[in-house]
Amino acid sequence: MIATFIPPEKLGTPKMSDTPWELLPTASNHAASLDGLYVFLTIICGISFVLVIGAMVYFMVKYKKRSDNDKTSPLTHNGKLEFGWSAVPAVFLMLFFVWGELDFVKLSAPPADAIDIRVTGQKWYWTIEYPGRPVAATTAALDGEVAPLLIVPLNQPVRLLMTSKDVIHSFYIPAFRVKKDVVPGRYASVWFTAIQEGTFPVFCTEYCGDEHSSMLAIVKVVPPDQYEEAVRAATTLEQGEGETVEQFGEKVYKSFACNSCHNTDSTIKVGPGFGGVFGKTETFTDGASVVVDENYIRESIYTPNAKVVAGFTPQMPSFAGQINDEQMNALIAYIKSLE
Amino acid sequence: MSTKASEHEDRPWFLAHHFDTVGQQVSSAKLGMWLFACTEVLMFSGLFLAYFIIRQLYPEMVLTASEELNKTAGGFNTIVLLTSSFTMALGVRAAQTNNNKALQRNLLITIGCAIAFMIVKYFEYTAKIEHGLLPGEYYSALEHGYMLPKYSRVFYGVYFTMTGLHGVHVLVGIGVLSWIYIRARRREFSSENYVAVENVGIYWHIVDLVWIFLFPLLYLVK
Amino acid sequence: MAHSDSTQNSTVYLNGKLVENPHEDTHHVSPVWEFSLVFGALLFLTILTYLVSYAGLGPASLPVAMLIAFIKGSLVVGFFMHLKYEDRFYAFLLCVTILFVSIFFTFVLFDMSTTAELNEEAGIEYKRHVEDSAEAAEAAAARQAAEAAGAAPAPAAAGHH
Amino acid sequence: MSDDSKKSQSGAQSGAQSEAQSEAHKPEPSYLTAQRGLMSWVVTIDHKRIGLMYLTATLFFFLIAGLLAITLRTELFTGQQDFMSAATYNKVFTLHGAIMVFLFIIPSVPAAMGNFVLPLMLGAKDVAFPKLNLLSFYIYCIAAVMLILTLVLGSLDTGWTFYTPYSKTTGTAVIMATMGAFVAGFSSILTGINFVVTTHKMRAPGMTWNRMPLMVWALYATALIQVMATPVLAITLFLLVIERTLSIGIFDPAMGGDPVLYQHFFWFYSHPAVYIMILPGFGIISELITVHSRKHIFGYRAIAMSSVAIAVISFVVWGHHMFVSGQSELAGIVFSFLTFVVAVPTAIKVFSWVATLYGGSIRYTTPMWYALVFLWTFTIGGLTGVYLGTLSIDVHLHDTYFVVAHFHYVMVGGTVVAFLGGLFHWWPKMFGRMYNETLGRISALLVFIGFNTTFMTQFFLGHQGMPRRYYAYLPEYEAMHQVSTIGSWILAVGLFLVLFTLIHAIKYGERASSNPWNAVSLEWHTASPPIEHNFHTTPTVTGSPYDFPEIDKTGKH
């Protein structure tokens, strides 16, 4: 299934582009000059393709075999022609190289006044942390469904400081033409200035396992004055009025992407399913067993590898310091309500 | 089975059917062996690069972790391998000059040195294993009272990979040398047909060459 | 050239240069004293590397050790393996191999040493090792303290590599 | 070996005695009928039989990996899950990649066709080390068994590149797969050593370096890369296996290593490997275009030298696979520049081939059609490579379907199309039978249409940002994926038609003369199928292999 928690039609409100050959929306400062080079390259390559294939087709027609005693030309080489068709492509290639290299250096050196946003990639979801705000694993983005949301102010440089917790991922925003592999053990940085409002999809482009194709996120460009407000709304995870504890628990469940590894029925996905788990006795890898109650759920969220259910590997990350008590109670209530 | 039956009489017994002259067969065999030597050099270059990478990542760790290696054992092993290279070269010379007895003697000395090398390596490894200076998860230097920098296990990982792969090549060398020794006892080699001895010589010198570069890097690094 | 039944050994010249004839083979036998001389030199150089490592040259000790090892290597290859008296192509092959090995080394080590080049200007601190849990908690605490003190939360990392 | 044993049992030497002086007694039997029985195949040291055994094995794996590709494309028909789970999809695309690279495309042209054709073209009785040749085939078989064993042990889901740290932590049979690739590397090294020595030492009298056919130059350059690059793959996979078993930590960031180092080690082999794959294809195209347009090659020295130049420069460009992978930007700039340097010799080759058509008398046989399809697809493949070599565009296009389209245009459109052209061209020589010309031409047309529909759409998918190895995708991409899937079905039909035409020709094709294309290079101077030791008397070479009778030497042309 496409990202279990992001319905396709709710991603990228402005359609990526109507016709296949049309370019993507130029939504960042890098996009314009990159598209310029892309179009220039396409024109030059198109011309050289037409020349080569045209010459081939022309020769095919003109020099096809007419009779058994055709005489063919003794031509074996022509120094000037051979030099010409080595030098001319070399000149064009150097042109592409220089233009590409200038853009690449611009792309790689973020300005000093950029806003720092920390992004952490993990097996199959992104965690986005705004400066001065508590870590929000996944922020509410669209009614009901929840995706990691990167909120970016219009016309202000933003720098993403990215690292990964397990394998190599890659943060790719097609509309901004930026991409960087997020390698565990080092910081990768990407910077851009959004110049077009709207929401755009973010992909993970380095193969990272089963749910690689569901590791999506959304970039939302908001006018600078609404930026603070939007960030606060996105990073607060409280019980809205008129929301039952279980509904708030479900929002927390999806915000921390529990559903990318645990199903809400009893089937196994990566971890065990939570359908009817409350009150069941779980046996662990070391043979001990306990009745599932609030303390067990709380403990297995904060220190997951202490007790691992038999048949599973200890690969669940710890959420210590990310889920506060109020959210934990709602989460427990939600899990209790699952049959 | 070329149809020219008469042409068969004057062909020496060791000349293969698809070669025309002995010179062609010998130079083909030698070129093939030199290409194989190049692949060996390229393979070990990967490990040397891994060593240089760790040396660039953690310079002081490599210096302190390599102090634990036994320099005298390494030095003795270098001398042993150099003598085995010397006797191997003399062996090839003996084959070229039809001196079968000298060839057999030199081959025996070379095999002896190779076995001595492996025995010294065995003692070095057992010492390391007891002290827990092992790669990866098996690294337990702390329990044996060694206060080593944070990533010493990676150094010992590279140490064991390099010396282990080199040790495997020495073992293969012992096998090939004894096969040549058996053929020498059957008097197969003469001044016309010695390319097999020379090829084994090239292999053995490459194994020695790798150790010549490996010894200063791992043991004497400063 | 394969002179099957025709006895003439067709030496072929290509614009004046004798085409490398696959059939001639050098039967050079070097004298024993040459081998012993080379062996002596190798032993001397081994002792030299040993002394150099104790001489405490500091940063220069690696290049010196590599130079000595290269001399020993070329002695072994040149004399023990007869490369000096062999067909030029074998030496050419070895040089091409050493060229590819050096390409591999220089590019990888160049990449590793300049990874932080552009990042350094941008103030991104480039961390090599992953903060394990102890360090992570320590860094988080440092970050909180920096926030509390209102300083711009530069991505301080505890314990550079 | 199933279709070899159905050889025609006639045994009589094919009609025309084209050798210089006809033999007095009964003509010699061909290499296929000279010895009988399975054992005569299993322990043969005849390069022609080993070539056929390689051909059967590699085509078998081409079939398997091709079927995997068809299931992939059919799954991608819609953006949602159709009939495969995500984990199965990852295993299928990984195996498609691994089997295609290690078991088909690297051994196919050099080992299968090169083994058969190289000694014949050099006028030699056999390759320099026949027993080593057979050993190389059996090492290939062991590697094939190991890769099939990974299927049983839980298959592989790391992608054919085995990137760490994912390949270190995943539970699938990574060790068995890496060992399979490790062993396949040795088979490639042995073939490489064999061909370098054969080209140096076994040439017929009079055949100087500039009188060798360009196919021999291409196989020589490929052999050099195989010898010089594959050992680094051996040590990389060896380190990966040790990383998984002893976890020495050189590639694992948690223990102080760095995953980008694995990518350096891997791509140092894998970029020269893509030139191992394409260079033999260049060799075949030089032969096809000259023979079927009855023209001397245009710029012999330029093409020969550019083969060797590509072989050398291919060792300095591997960083263009890692522009966005955390490699330092300065290193990226150096690699991008060198990547453009390697583009020039490839361009020279394509221009020289088109120039060879000038003033020719082109015969539109099936091999010629495949050569022309090659020119079309390889030009597109080459030009899109320039996109990916440009730094800023690669940031946008890296790991998207643009890359998938580029390397399929160069691999399938380049090497496989050239390989099929070569098969049709040398089939009369291999089996002494002519294939059915109309079936051949239809297969060329189907392959052309199917291939271009499948992969042209993927260029547009790529620049729209569709990431690679995605199992479920956004609805915007669905239309293009559907066109691509239909194209892949047409391509599959075309390839099955090729298989049928060739297999059918072995039994029912009418007898081929020893020189059906009246070509000039040495392999056409002996019977087809050739006798056991190729030539009765070693031929002497006086001129270039492209001096066709039709070439008008009177200077009035």
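Per-chain numbering from 1; labels A, B, C and D assigned in written order.
One rule holds in what follows: a contact is a pair of C-beta atoms (placed from the backbone, for glycine too) under 8 Å apart; a residue touches a chain by one contact, two chains touch by 3 or more.
Labels paired with UniProt names: A = Cytochrome c oxidase subunit 2; B = Cytochrome c oxidase subunit 3; D = Cytochrome c oxidase subunit 1.
What you see is a predicted model; the values in this text were computed from it and never measured.
Asker: Where the centre of all protein Cα atoms falls, which chain's Cα centre is nearest to that point?
Answerer: Measuring from the global C-alpha mean, the nearest chain centre belongs to D.
Asker: Of the pairs B-C and C-D, which shows more C-beta pairs in contact?
Answerer: If we tally the contacting C-beta pairs, B-C comes out ahead.
Asker: So, what's the distance in Å between the C-alpha centres of chain B and chain A?
Answerer: Chain centroid spacing, chain A to chain B, equals 49 Å.
Asker: Suppose each chain is reduced to the average of its Cα coordinates; what separation in Å results between chain B and chain C?
Answerer: Once rounded, the distance between the two centres reads 18 Å.
Asker: Can you work out the whole-Å distance between the CA centroids of chain A and chain C?
Answerer: Their C-alpha centroids are separated by 39 Å.
Asker: Mind checking the centre-to-centre distance between chain C and chain D? Centres are C-alpha means, answer in whole Å.
Answerer: Taking the average C-alpha coordinate of chain C and of chain D, the gap between them is 32 Å.
Asker: Check each residue of chain B and list the ones that touch at least two other chains.
Answerer: 20, 24, 27-28, 31, 35, 38, 42, 45, 49, 53, 57-58, 150-151
Asker: Could you pull out the residues of chain A that touch at least 2 other chains?
Answerer: Counting only residues that touch two or more other chains, chain A contributes 105, 108, 184-186.
Asker: Multi-chain contacts only, two chains or more: what residues does chain D have there?
Answerer: Answer for chain D, listing residues that touch two or more other chains: 124, 200-202, 228, 232, 253-254, 256, 258, 260-261, 326, 329, 538.
Asker: Per the contact definition, I'd like the list of chain D residues that touch chain A in the complex.
Answerer: 79-81, 86-87, 90, 157-159, 163, 165-166, 169-171, 253-254, 258-260, 293-302, 323-326, 329, 332-333, 336-337, 340, 343-344, 347-348, 350-352, 354-355, 357-364, 372, 375-376, 379-380, 383-384, 386-387, 389-396, 398-400, 457, 460-461, 463-465, 467-476, 479-480, 548, 550-553, 555, 557
Asker: In their shared complex, at which residues does chain D touch chain B?
Answerer: Those residues of chain D that touch chain B are 23, 28, 124-130, 132, 189, 192-194, 196-197, 200-202, 227-232, 234-236, 238-239, 242, 246-250, 255-258, 261, 265, 532-533, 536, 538.
Asker: Contact residues on chain B for chain C in the complex?
Answerer: The contact residues of chain B facing chain C are 4, 7, 20-21, 23-24, 26-28, 30-31, 34-35, 37-38, 41-42, 45, 48-49, 52-53, 56-58, 71, 75, 78-79, 82-83, 85-86, 88-90, 93, 96-97, 150-151, 191, 198, 201-202, 205, 208-209, 212-213, 215-217, 220-222.
Asker: What residues on chain C touch chain D, complex-wise?
Answerer: These residues of chain C touch chain D: 1-6, 10, 12, 14, 19-20, 22, 89, 96-97, 100, 103-104, 107-108, 110-112, 114-118, 128-130, 132.
Asker: Flag every residue of chain A that touches chain D in the complex, lowest number first.
Answerer: Residues 1-3, 8-9, 11-12, 15-17, 20-21, 23-24, 30, 33-34, 37-38, 41, 45, 48-49, 52-53, 55-56, 59-60, 63-66, 69-78, 81-82, 85-86, 89-90, 93-94, 96-97, 99-101, 103-105, 107-108, 166-168, 170, 172, 174-175, 177-181, 183-186, 188, 201, 203-214, 313.
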